[in-house]
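The following blocks contain the structures, represented as structure tokens.
Shared between the two complexes below is chain A, which has chain B as its partner in the first and chain C in the second.
And now, the complex of A and B:
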């Protein structure tokens, strides 16, 4: 395949990159969205390059596989300050002192020109398991709730915690590569509509700082200010003034996500933006994620998660249900079906 | 003759449109969709249950109230025009109609429409 006019056009554009943050990701990974040649996208569906920054713990490798396969073709993976991953033999290693923008652009051009083959899927091209209904031909079940279409059981009803209406609940693992999640955090959430019913910490967040203010500003719909706050520029008085003028703090409900030390999301936001004096440290006490998140709607829960500083969030995750004790046979069986087979 | 030509033209355009859509679907722009690519994007996580689920339309009580009052208005305007001519019969008919609609409002009352939450 030669360089057609359309690939030439694509090669001239900013390279769409999705960043998978690992443990000990280089500090430059956090400010990559300011790089002029790159466009850091929020979803793997919009990316051509998967950039694995930092070391990926073994527990998160299956998650990385699922993420990798969701990038559309043509695609390539770069490992930035990350040891080689056996299941990604085609991935290109980038050292700490290499110019990451140059490396990404070169790989992107090579993939578009066809000099480099697009990375194949890691997972087999098969549904997680076969359709299993109750009928003799694998069909049907009880009304809408029957069978196991494509390896996942149908949602069953559960009592809504707001008004006890019996409605369908949806259980899924969220993270660790969601742009609005602290790096490394995997939560198995049970949702009804967008209300969180149950929280299990499947993997705790990594031991590094991330960019909580930028994430919070993005969630509040201020992407330009979020990009501006990246790196060590959060103390810029102009930026602080702009954040104050935006009125973002009034978009945060007061009293949301209150910790034992009395701080809520709004006061923690004020501390981050310098509108309130820094407290010595947040005190998680014996707060669990269940206390903080259960009963909240999705947007409120995400504000709570992003407002906590990483050390406090790790303390809270230690207090919380990690799903080891009450793992029943049925749950682990359904996980096996829904999961991953490589 | 002109009509036939117009129809043939529309038919030809439809054909071009459909063939164009199919061709675009087979082109490089739409890559193969494999089973791993059909998973929902959860940042690497995986769902345990199917996404086909029932939501509660919590605004239904407000809808009920809106429909009840709107139906009242819809029939009361024409009714008001002929009321003087028809007299007591029209009054009885409107009374029956309002009685049926008020059952809906009473039901809504029981469901707590009028409580501000």
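And now, the complex of A and C:
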């Protein structure tokens, strides 16, 4: 089939790439948003190329499968410094030395032109657990309230820890591929509205430096400054001035996410921007994610999570509830929540 | 004549949507230090979205998803049709056009909510609720500002509001008006510091599950709303079509682009704060300021 004019036009677009960070991902993966030919997107639904950077541990492979199937056709997967993944036989391997931009552009062109078949779904296009006909009304569970319609637990009213207004609480796994989440981290969160009620660490973050300043700037709605912060210049006076001008510091509530060493998100942000001297390291003490996140609204909670340096976050995750004692938090349940990127 | 005006407005809308994307990319390129993008970049991305598959979640509300995109677009077009192009020329010529515009603006909250509701997914849903929480007080604020702007004209007709600015623009007469009104613009178009619906901390919020043509439709509707808002701000605060030498429609077009540039610049340079902090800021500082604006306008009108 020849290319239509519209496909030809589309083939010249910046290639939308979704990056799935694995263990030991190449450092260049963090600065890919600066690549002129690529556009690193926030959601797999907007991507044409899935770029698996680094090694994906077995525990996260099911998540990768669900992520893969969320890319719209035509699509393709590249494994960048990643060992082969048996369930992704068509994925193209890219070595450390290869020009990743070139490799992505070539595959993108081939898929659009139809020279390369779009990658088929890995998972069956069916409800994650059989629910049809189950229960007295065939709704997949017991009763009209509660039960498990569509094979997943229904949100039910529960006491709210903040204002005692009993709303529907909702539990789902978030991560490991949310673009602002520290690579590897999977949290099973119970939410009421967007207020976090309960945190369980389902998978700890990798030993990976990340780019905390860029992530925080992105969370503060400053994507262009985030890209600038990933540049080569170690001390960029324009970046500093623009961050000051943006009111980013004022946007962060004071006292948010305070650690035993006295630092909060704002002081940690100041250290990253160079507005405050760098401390030797953050001290997690016996802080848990529960301490830090429970009771916070989503945006504030994400600011806290991304303000922690990777080593501190790993310590905090070790202190936190990992769901081992809780029988309901097994692999089977996270399998049931086939929600967004979870 | 009317047909010609409709055609003219549609051409202007398309041009300004294009210009908005170009300004957005230029702004991003300048701030990120990467320089300008290719001029045809946006068109190519649009083509790519058109060729991509329309993926849905397991149990989406398809009808409301389409309704939200179409509704957002329709609200932008209705608002644009209210903008006076000359003393007697407005596609929708109403003695109460400010009220109709206020209704359109309030309905934006509903369509954005529907857009977040319809994919049946957690992050989109959070975006939808957050938008409503911020949308309500910001609408309140804009109503005070609009009533203040209508006071000197002693009319709720946008045409009268423009003619009342023959001597001095509302921008100067009511210095608090336009800055407060711009905040509404950021909220109506889901941008920068007021983007509580489609923000990065929700990986795209109400748009997180949108792919292909749906994504394209929503983005175009957002840009159409940006054009519409800018035209309205130019009409209410910058004297609309009034101006020397050049014909009226050209003046309103130029002023619209000026406001649009301001909104785009703000959306790239101002940080977004968590919802509860913004809520305090709106209720405790911005709303009192809009009261002050109204009282000021009232005293001047006396």
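In this text, the second predicted complex is superposed on the first by the 309 of 342 C-alpha atoms of A that agree within 3 Å, B and C clash if a C-alpha of one lies under 4 Å from a C-alpha of the other, contacts with A are read in each partner's own complex, and residues count from 1 in each chain.
Following the convention adopted for this analysis, a contact is a pair of C-beta atoms (placed from the backbone, for glycine too) under 8 Å apart; a residue touches a chain by one contact, two chains touch by 3 or more.
No experiment lies behind these values; they were computed from the predicted model shown.
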item	value
Chain B versus chain C as contact partner of A:63, first or second or both or neither	first
Which of chain B and chain C A:294 touches, first, second, both or neither	neither
First (chain B), second (chain C), both or neither touched by A:43	both
Which superposed partner A:219 touches (first chain B, second chain C, both, neither)	second
Partner chain(s) touched by A:248 [first = chain B, second = chain C, both, neither]	second
Touching partner for A:72 - first (chain B), second (chain C), both, neither	both
Touched partner set for A:9, first chain B, second chain C, both or neither	second
Touching partner for A:173 - first (chain B), second (chain C), both, neither	first
Touching partner for A:165 - first (chain B), second (chain C), both, neither	first
Overlap of chain C and chain B interfaces on chain A (superposed complexes)	43, 45, 70, 72-73, 127, 150, 170, 172, 178-179, 193, 338-340
Complex contact set, residues of chain A against chain C	6-7, 9-10, 12-14, 16, 34, 36, 39, 42-43, 45-46, 48, 70, 72-74, 112, 127, 150, 170, 172, 178-180, 191, 193-194, 218-225, 227-228, 231, 236, 238, 242, 245-248, 250-253, 297-300, 302-303, 338-341
Interfacial residue positions of chain C with respect to chain A in the complex	27-28, 31-34, 37, 40-41, 43-45, 47-48, 50-55, 57-59, 121-124, 126, 129-130, 192-193, 195, 199-204, 207-212, 215, 268-277
Residue ranges of chain B touching chain A (in the complex, touch as defined)	31-32, 34-37, 39-56
Residue ranges of chain A touching chain B (in the complex, touch as defined)	20, 43-45, 60, 63-64, 66-67, 69-70, 72-73, 121-128, 144, 149-150, 152-156, 160, 165, 167-179, 181, 186, 188, 193, 331, 334-335, 338-340
